[in-house]
Amino acid sequence: MSVAHSVEHSPVKSETVGQVERDRLRMMMLIRRFEERTYQEYTKPGQRIGGFCHLYSGQEAVAVGIAALYQKEKDYLINGYRDHGHSLALGMEARPAMAELFGRATGCSKGKGGSMHYFQAEVGNIGGHGIVGGQIPLGTGAAFSCWYKKTGGVCFTLFGDGAINQGTFNEALNLASLWKLPCIYIVENNHMAMGTQVDRSSAERDLAKRGSGFNMPFRNVDGNDVDVVIEEFGKAVDRARRGEGPSYLVANTYRFRGHSMSDAMKYRTKEELERARQRDPITIYDKRLRERGFIDDAWVESTESEVRSIVDDAVKFADASPHPDLSELYTDILSENYPLQK
Amino acid sequence: MSVAHSVEHSPVKSETVGQVERDRLRMMMLIRRFEERTYQEYTKPGQRIGGFCHLYSGQEAVAVGIAALYQKEKDYLINGYRDHGHSLALGMEARPAMAELFGRATGCSKGKGGSMHYFQAEVGNIGGHGIVGGQIPLGTGAAFSCWYKKTGGVCFTLFGDGAINQGTFNEALNLASLWKLPCIYIVENNHMAMGTQVDRSSAERDLAKRGSGFNMPFRNVDGNDVDVVIEEFGKAVDRARRGEGPSYLVANTYRFRGHSMSDAMKYRTKEELERARQRDPITIYDKRLRERGFIDDAWVESTESEVRSIVDDAVKFADASPHPDLSELYTDILSENYPLQK
Amino acid sequence: MPEIQFREALRQAMTEEMERDENVMLMGEEVGEYNGAYKVSEGMLAKFGPRRVLDTPISESAFSGIGVGAAMCGLRPIVEFMSWSFSLVAFDQLYNNAANVRYMSGGQFKVPVVFRGGNGIAHQLGATHSHRVEALYSRVPGLVVVSPSTPYDAKGLLKSSIRCDDPVMFLESELMLNDRGEVPEGDYTIPLGVADIKRAGDDVTLICWSKCVKMCLKAAEELEKHDVSAEVIDLRTLRPLDMPMIAESIRKTHRCVVVDEDWGYCGMGDGIRAKIYDELFDELDAPVARVSSEEVPVPFNHHLELAMQPSVEKVIAKVNEICYR
Amino acid sequence: MPEIQFREALRQAMTEEMERDENVMLMGEEVGEYNGAYKVSEGMLAKFGPRRVLDTPISESAFSGIGVGAAMCGLRPIVEFMSWSFSLVAFDQLYNNAANVRYMSGGQFKVPVVFRGGNGIAHQLGATHSHRVEALYSRVPGLVVVSPSTPYDAKGLLKSSIRCDDPVMFLESELMLNDRGEVPEGDYTIPLGVADIKRAGDDVTLICWSKCVKMCLKAAEELEKHDVSAEVIDLRTLRPLDMPMIAESIRKTHRCVVVDEDWGYCGMGDGIRAKIYDELFDELDAPVARVSSEEVPVPFNHHLELAMQPSVEKVIAKVNEICYR
């Protein structure tokens, strides 16, 4: 039934039964592959990727679940700096995504934004943002534009478990609820803010309760099960589209990699990691689709090699792409020419 | 029993039965008189008081209730800009209080702070503060110093119903609860932020619930009844002194005057004001003390004229006081002399 | 031409642009039912309704970011700060988000939002409520900073700012809202990035903006009596700066005083003076002088508050100093 | 003298001062269990325990204000910003509270708090994480701003800052934390408000601080080969500024270049240059030049990022320009 539900929400039109589900699993696999290859590229000698780089491995079900509900012609999505997965899920090609990490002119932000600042205007991807919590008001503003223009669109506003301790969280959630803006506030709770466990950053350990004071729905969601994500987020999206206002959802998940590349993860035990592997969103969904008879070994193998070649191609593309011309330093700052007479 | 309770908390030692209560009523009357005279002085021709000026008339039970629980040698109090009442309740003389409004050198802040910035270091009055919500972290810091030094002291951190919509509210309450700091967060809910009713500023109309996500006690308190304030705040203070952490209290009250002097109060009906007058904290407490046989007409009359003459004297004092010397412009900026070798 | 108040000029600009473009809307504290803390938006809620004129909670970070985010998504918000001093609690939203989103996205987004409100020292509001923010925002690539001195300029510049596709910090002055001046009814605009000679002169160039323009004009009158002819340039836009007009004037006068209500060190005045030194060093017959506020927090006492700030007398004294008279 | 890293020098300063004064403590993001995002506070939690070394949530406004409030109440907090860029979300707590509380209370409170962390452009962190905040804070009366360039200075200046009764903004650089230098074990301090001549010279004065000092020393070496003798002044304290030392140098060289990693307009470099023009105009044989970053948001691409910033080459070119060679 979550399938039915998701299909009803999904912009993807499925010719054959199970196609929608296979596409979702494929996207999770592509994201995973993209991130793991990024890890290799970043850490290998003669490093061609620089700056902060935050990998999404382990959290794929959230981005892919959102993509199932996302309506490109009217919705928006905004995120923190852990933004590769969502961008791919919303349809960004692997080439401009990888090229951005390499800082090349062919990157999704022309090499000016980097890993933390993926943008894709034509699908409403209003960006990855580096300042923790800084994107929450921006996402609320995107939702405001939907409300103002009565488009029926919503804004998925994502942030981490550490970001709820920023002031913008309180200000934006209250304002969105007061104005009934179609904003879906999503905490991707991977239980760590850099090296800080949630119980050392939030006095209230149940992060759903952190959203209890705003007169809007708040609840925990299993962020490792894409069907649950679609089901639960779907209710909030329907509500927002109906004009009944925002919701606050905590997607509980896990990041397999360190916070960023420099993180030695001393705070993490082998056992914890093993437990997490048991709930790997890809494993969970793979198992389910096999049970449903939607996939088999052959499909998985061919998809594995497909996503591998897509990412290989993206790396080749990025590596072959030119650096931005030095003149690019001075472009894209202002939209107008001054003096400005209008 | 609330009396017993409050005595147990009160630093005031009473010789005769009812003395503590009479002192509290007297203080409420003094604050009211001070504020009403300030109103006259501000609005009369040849105005000698300038700048923003926010009167406390109607909210006296909160400040006087706090004073009953306040231990001068170790507690702290911080507030917004509506700060005359609390300062008087903590023992500031009417003279330096009024002189500050006149901007004179004899003012509690040497005429440099004005109405919004009353300070009295020796009693732990760490100030009135003009930026809405800006004082919440400072008060949390004062509570931190009590925690760090293990003094058993607490910090009363006051702010308005509008201030809970600042980001500092979320950040400070979470942090104080996480660290179990002895901070008493008090919303003086007079139901208006300037011209904005609470139901137009907070999505959650029950302001107590705005504090529900921090794993700390939160509740509404009748802010017009000084005995209830002492009783309810007392529990939070005891808890904090025991090292069990902060509490969040909403004192529901009313301001009889406008937000500041320029406020025409178009948002308010005669009927609303009349209903509020029925719950005037002074009337309520006056009635109760009469019932208890603690006061009579004679006492009220003499106290009326006493506070009147105290305030008259304060105005004369302020008016006769010198303006700060122009050299004062350059003092009190830094504590050290530079170059600084230490 | 009808004579109207500065606040009415601002209101006309907002009203006309909202009538002209459905995507323009106004939000801020008390802008609606209260008709504006300083009555700038009086009647606008009644005229446009609660969808286009929105009262916000006291949440500057949220509603500043909402303005930026909505601008990224096709609206043209006008965000009122009750005072620019309160923008400091939303500083990151302006300094980072408004200014950088276009660049970081490789030019995929424009950010047509106007932030406006009273800037600078008013009347005994104390240290926290009297900030002059021009230098804080004028230094930022990606932002445009405008600060008018007359009702006429205010209307024309605000209309241009609302039509501008870049984030504009529009700095008014609470103390000027009652000023009256001739303002045409209906549509006209004043270009952004163009200064205005409010008074022509030959001996010395007085550079100023906002509240200090009146002060400089008074000083110029006084100086005239002593045969010093001062040219008064009202910058109107602080970023981008109209250097061509400044240069033309200094090539004529060879002397210049910048009048800045802010603290001196690393302030607007220093930024302008540095540009002048860099471009016109050989034209100068004297140091480019600055009259600014004393480097102290703004005191409450009114005498101290006045003593802290630039004044007609201080401007005249400084002019005499650099004219070696 | 032992050679140690910049980060170790900082750690020694904090550790020694915490041993010396029970009221000194450290708080910030990841300073404890994670041993510091950049390992500056490594081992300090183990040594001092969770009461004196506190990990904070990502709540800069709260813990900055806690630092100020605790300082008003007798503690001497050290507050670490993982990056000074993140101080922008707490801007009001520093710009208003830390700076004004003493003045507004008529001198009743002192505010002995140190805010410290990495400032400026690091390595491909992008526009929002590469802010240079020296001008933002150096302009504020009530604040002290310090920015060391060597491990030796870092330890001595940080100890002085911790003992200082005023709020100190201590600006480090992530890119310098691995730098090694000789640092005495045990106690010594370096005065606040005193610059340091890192290299003596006669022909031109190079004014710099933090990361740019190394750059200027390299440039001076190159210039030496072409018979230009450059004096390199490391300001060390940006507010209050050591004008006497600057003046003495310029009275000797009559030429000056200020090297500032920030944007030029209304930046630190302009503030310093303005003071020089005001005090030393007649001593100058050429304009006081500035080498600063291009006026653009900091780009991610490393080539662009480097092209944006000052460099040895740019400094040399500017020196040659003002020496008319």
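In this document, chain identifiers A, B, C and D correspond to the written order of the chains, with residue numbering beginning at 1 in each.
FYI, a contact is a pair of C-beta atoms (placed from the backbone, for glycine too) under 8 Å apart; a residue touches a chain by one contact, two chains touch by 3 or more.
Keep in mind it's a predicted model, so treat the numbers as computed, not measured.
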| item | value |
| --- | --- |
| Chain pair, A-D or B-D, that carries the greater number of C-beta contacts | B-D |
| Chain of greatest Cα-centre distance to chain C | A |
| Cα-centroid distance, chain A relative to chain D, in whole angstrom | 37 |
| Centre distance in Å when chain B and chain D are each reduced to the mean of their C-alpha atoms | 40 |
| Euclidean distance of C-alpha centroids - chain C vs chain D, Å | 31 |
| Whole-Å gap separating chain A and chain B, where each centre is the average of the chain's CA atoms | 46 |
| Touching two or more other chains - residues of chain A | 109, 111-113, 117, 129, 131, 134, 165-168, 171, 174-175, 178, 200-202, 333 |
| Per-residue multi-chain contacts in chain C, two or more chains | 57, 59, 61-62, 88-89, 92, 96, 103-104, 126, 128, 141-142, 296-297, 299-300 |
| Chain A-facing residues of chain D, complex | 29-30, 33-34, 37, 55, 57-59, 61-62, 85-86, 88-89, 123-126, 128-129, 294, 296-297, 299-304, 307-308 |
| List of chain C residues in touch with chain D within their complex | 88-89, 91-92, 95-96, 99-100, 103-104, 126-128, 131, 135-136, 138-142, 239, 241, 263-271, 273-275, 277-278, 281, 287-288, 290, 295-297, 299-300 |
| Residues of chain A touching chain D in the complex | 50-52, 100, 103-104, 109, 111-114, 116-117, 129-134, 162-163, 165-167, 193-196, 200-202, 266-267, 323-324, 326, 328-330, 333 |
| Chain D residues within the chain B interface of the complex | 25, 51, 54, 56-57, 59-75, 77, 92-93, 96-97, 101-111, 141-142, 144, 160, 163-166, 189, 191-194, 240, 242 |
| Touching residues on chain B, where the partner in the complex is chain D | 76, 78, 107-113, 117, 119-121, 126-127, 129, 131, 134, 136-142, 144-146, 148-149, 167-168, 171-172, 174-175, 178-179, 331-336, 338-342 |
